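Look at the two complexes coming up: chain A is in both, with chain B in one and chain C in the other.
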Partner chain A sequence: MFNASISPNDILFMLRGAGVTLLLTFWAVLGGTLLGVAFGLLRATAPGWPSYALGTLLDVFRSVPLLIQLILATAFAPIAGLDWQPFTVACLVLAVYASAYCTEIVRGSILAVPLSTRRAARSLGLTWWDDLTVIVFPIALRVGLPSWMNLALGLMKDSALVLWLGIIELLRSSQIVVTRTQEPLLVLMIAGTIYFLISFPIARLGTWFETRWQVHD
Partner chain B sequence: MLAGCIVTIEVAVLSIIIGIAFGVLLALARMGRKDVWSWVANAWIEVARNTPALFQIYLAYFGLGSLGLHISSFLALLAGITFNNAGYLAETFRGGLRAIPGTQIRAARSLGMTAGQGFRLVVLPQLIRVVYYPITNQMILAVLMTALGLTVGLDSDLAGVTQRFNVLTYRTFEYFSVAAVLYYLVAKILLAAARLLAFRLFRY
Partner chain C sequence: MIEIEDVHKSFGLLEVIKGVTMNVARGEVVSVIGGSGSGKSTLLMCVNGLEPINSGRILVDGTVVHARETDLNKLRTKIGIVFQQWNAFPHLTVLENVMLAPRKVLGKSRQDAEAVAVERLTHVGLADKLKVYPSKLSGGQQQRMAIARALAMSPDYMLLDEVTSALDPQLVGEVLDTLRLLSSEGMTMIVVTHEIRFARDVSNRVAFFHQGRIHEIGPPEQVIGSPRQPETMAFLKSVL
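== the complex of A and B ==
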């Protein structure tokens, strides 16, 4: 099985697929983080029902399989009269999906900052915005960063699902190579190695941050 | 489609139960002596955590085929999800076992308990409490992962049944909306059941 006719071009093709995977991950993480920080701030500070309503709404995105969300969004885009590429739809769905998780991370991190610290900041004359950017943000960052990195890695892995929409990312490109060479195990192992090489160092970095930035109190 | 829900729950629950069994073994192997088993456990956990679940299912479905081992899409889905669950749960158990100080086991032994009794009466009750919520989380994730069976041609679970109707009628949005609602309900009902069980189990 290991003397298959896999040419350098096949590997190059799969690496290009890996590039698409990374691009998807980048947009999803960017959009998800921006939305997540905004929503998380709202959820941590807004009182009563707006916070709960947002929480329930975002919970839906965490309780429905991502594959179903992707299929629904692709089916919905033409119904709404939007002429979008599958790539755009996939990025949007992944970003919203990411924001649902990111919101909870941000909310948890902000709530981990003791209220007395924030009151002290305000009583020293800092404005609400100063308090948020200079006091809350640095403390919340070290609480939330490891989970955020886990989320980014999870997205990288979840982005494999977009192959159902016909986008040629890493896993899909490996499927195409498989249909040509008829060597599923070998090709899939190469794809797995690429995923592993992307994911493992970042995962280790996350653990390192976690121990390095541990909150001592 | 309701029959599909049953298959979905079936796969999720089975994968969690087998996943727990493997997860405990992996955690113990990883924490134990440095031998070939700890190496295998390490490799399993890192691969399960650092590659997509869909990749793992593909490996079971297409990859094992080239070794001459042809399994049904149901088994491939179950194997893929179980492999994934075991990897994540092993880390949960490792964290849980770490949270129990070794002095407690020594105290139990010095009170005259055997090693088995010490584990069963002192460690286990605490371990279950620590790992219970992570396991329920993983169970919900397993329910969501079963939708991936669609990509290996499984047509009896919720996503598969939906796709079958979709191919017959081309009413993609309508059918998958119903599927989304059903997945939401299944996830919420399982979560409620787990919470109820926790309330009953951890009263003391």
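== the complex of A and C ==
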């Protein structure tokens, strides 16, 4: 009755939490990347105040701690008449937060493509859009990929903060298991291992892309 | 025909071209010589509309380059330009570099574009480098690739911005021959160069640029052989 060792069910419970973490990360990275590419393109190509205004707005999301953003968004969503699940709010906040970082990665990567290379493309009669899609994006992708991988991996770990919204992801599920089993070190080691097992393939995939493309540069 | 009429061009407060007038007739080769920062390269960028101008006019076959209604992308298919830095597209192979514009701009099929690209690359002696990425080429080879890339569009005009500066000495002659061949095929060329012998050999006329103006223009025998202006003499003395 007082046997509090970790059962297979606890592990299963934590793996289910890991699934939530993965799902959160997936939506955050997807939303953040789509928004980030659009915003980054605007920041890199649009002149003057629209770019500046967007930059300032995104600076807010980069400066305010993610936990504060999560709690404020959860508090204000019902006031704004939005009947959203905590999971939806969490995904949206994480996506906007990610987009703020992704915007700067995209902007920097686009600006890293030498102007002379783009001029050569335009001098051949390529349109602005062709230049962007055939010349700038492929080169910028190679420049920005490592930073983007860091962002994705960081986001996966930052997503643990949504436990404050009552979402049972990997870290929260581990806490619950700790409360029951009173085996914090072991449980956290297992949780850490799961985080690692999720991160490692993503990191390796990034390295694989980098080396694959290195040959061509 | 390229008509340059009283063109002025400034970068911020710095006026780099201070009223240049020059015509280049079909089939003519005009070399532009002069010191660094004299506005030679900038003028080439203005001719195909890569740089806006502050005043004056440039016409290519009667089309006003900087007019609002001019389709620059269409105009640029007639004007090949090769830069001082060859500006290879690093993520594409040599063949893909040359095929890109014929495919995207002229809408050629893959086979047609490849046929043209292979032909042009063979022309500049890179037939054995088709599948190689530009980073694996020497500077001279990259420059020849850039020439092939411009030629693949079958342009009526070629603007060459110090294209031989980075070539290995033994390759200069080969490029010269290519340019002579182009000239004999009716190619109109403006050649910005520091190589005076090259200018004397291939050009119908030579223009000496000095402080944003054409200081002296005429046949090579005159401008290079027996210059009238003291600035031209001083420049030739410094480079020869």
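Things to note:
What we mean here is this: the second predicted complex is superposed on the first by the 197 of 217 C-alpha atoms of A that agree within 3 Å, B and C clash if a C-alpha of one lies under 4 Å from a C-alpha of the other, contacts with A are read in each partner's own complex, and residues count from 1 in each chain.
Rule of thumb we're sticking to: a residue touches a chain if its C-beta (ideal position, glycine included) is under 8 Å from a C-beta of that chain, and two chains touch if they have at least 3 such contacts.
Nothing here was measured: the structure is a model prediction, and the numbers come from that model.
Three-chain overlay on chain A, with chain B and chain C fitting side by side and no clash. After overlaying the two complexes on the shared chain, residue contacts for A:L92 are found with neither chain B nor chain C. Of the two partner chains placed around the shared chain by superposition, neither chain B nor chain C is touched by A:A46.
Once the two complexes are overlaid on the shared chain, A:V134 sits against chain C while remaining clear of chain B.
With both structures placed on the common chain, the touch criterion links A:W164 to chain B but leaves chain C unconnected. Put simply, more of the residues of chain A are touched by B, taking chain B and chain C as the two choices. Legend: residue contacts after superposition of the two complexes on their common chain; A:L23 is shown touching neither chain B nor chain C. Across the overlaid complexes, the C-alpha centre of chain A sees chain B and chain C at an angle of 100°, to the nearest 10.
Of the two partner chains, neither chain B nor chain C is touched by A:I11. By the touch criterion defined above, A:R122 lies against chain C but remains apart from chain B after alignment on the C-alpha atoms of chain A. Looking at the shared chain after the overlay, A:R142 reaches chain C, while chain B stays out of its contact range. Least inter-chain distance for chain B and chain C in the combined superposition, rounded to the nearest angstrom, is 24, based on C-alpha atoms.
If you check the complex, the residues on chain B that touch chain A are 46-47, 49-55, 58-59, 62-67, 140, 143-148, 150-151, 159, 172-173, 176-177, 179-180, 183-184, 187-188. Chain C contributes residues 45, 48, 50, 73-74, 76-77, 79-81, 83, 85, 87, 89-91, 100-101, 104-105, 133, 135, 146, 149-150, 153 to its touches with chain A in the complex.
Residues 1, 60, 63-69, 71-72, 75-76, 79, 153, 157-161, 163-164, 171, 175, 178, 183-186, 188-189, 191-192, 195-196, 199-200, 203 of chain A are the ones touching chain B in the complex. Contacts from chain A toward chain C in the complex involve residues 114, 116-117, 119-127, 130, 134-135, 138-139, 142, 213, 215-217.
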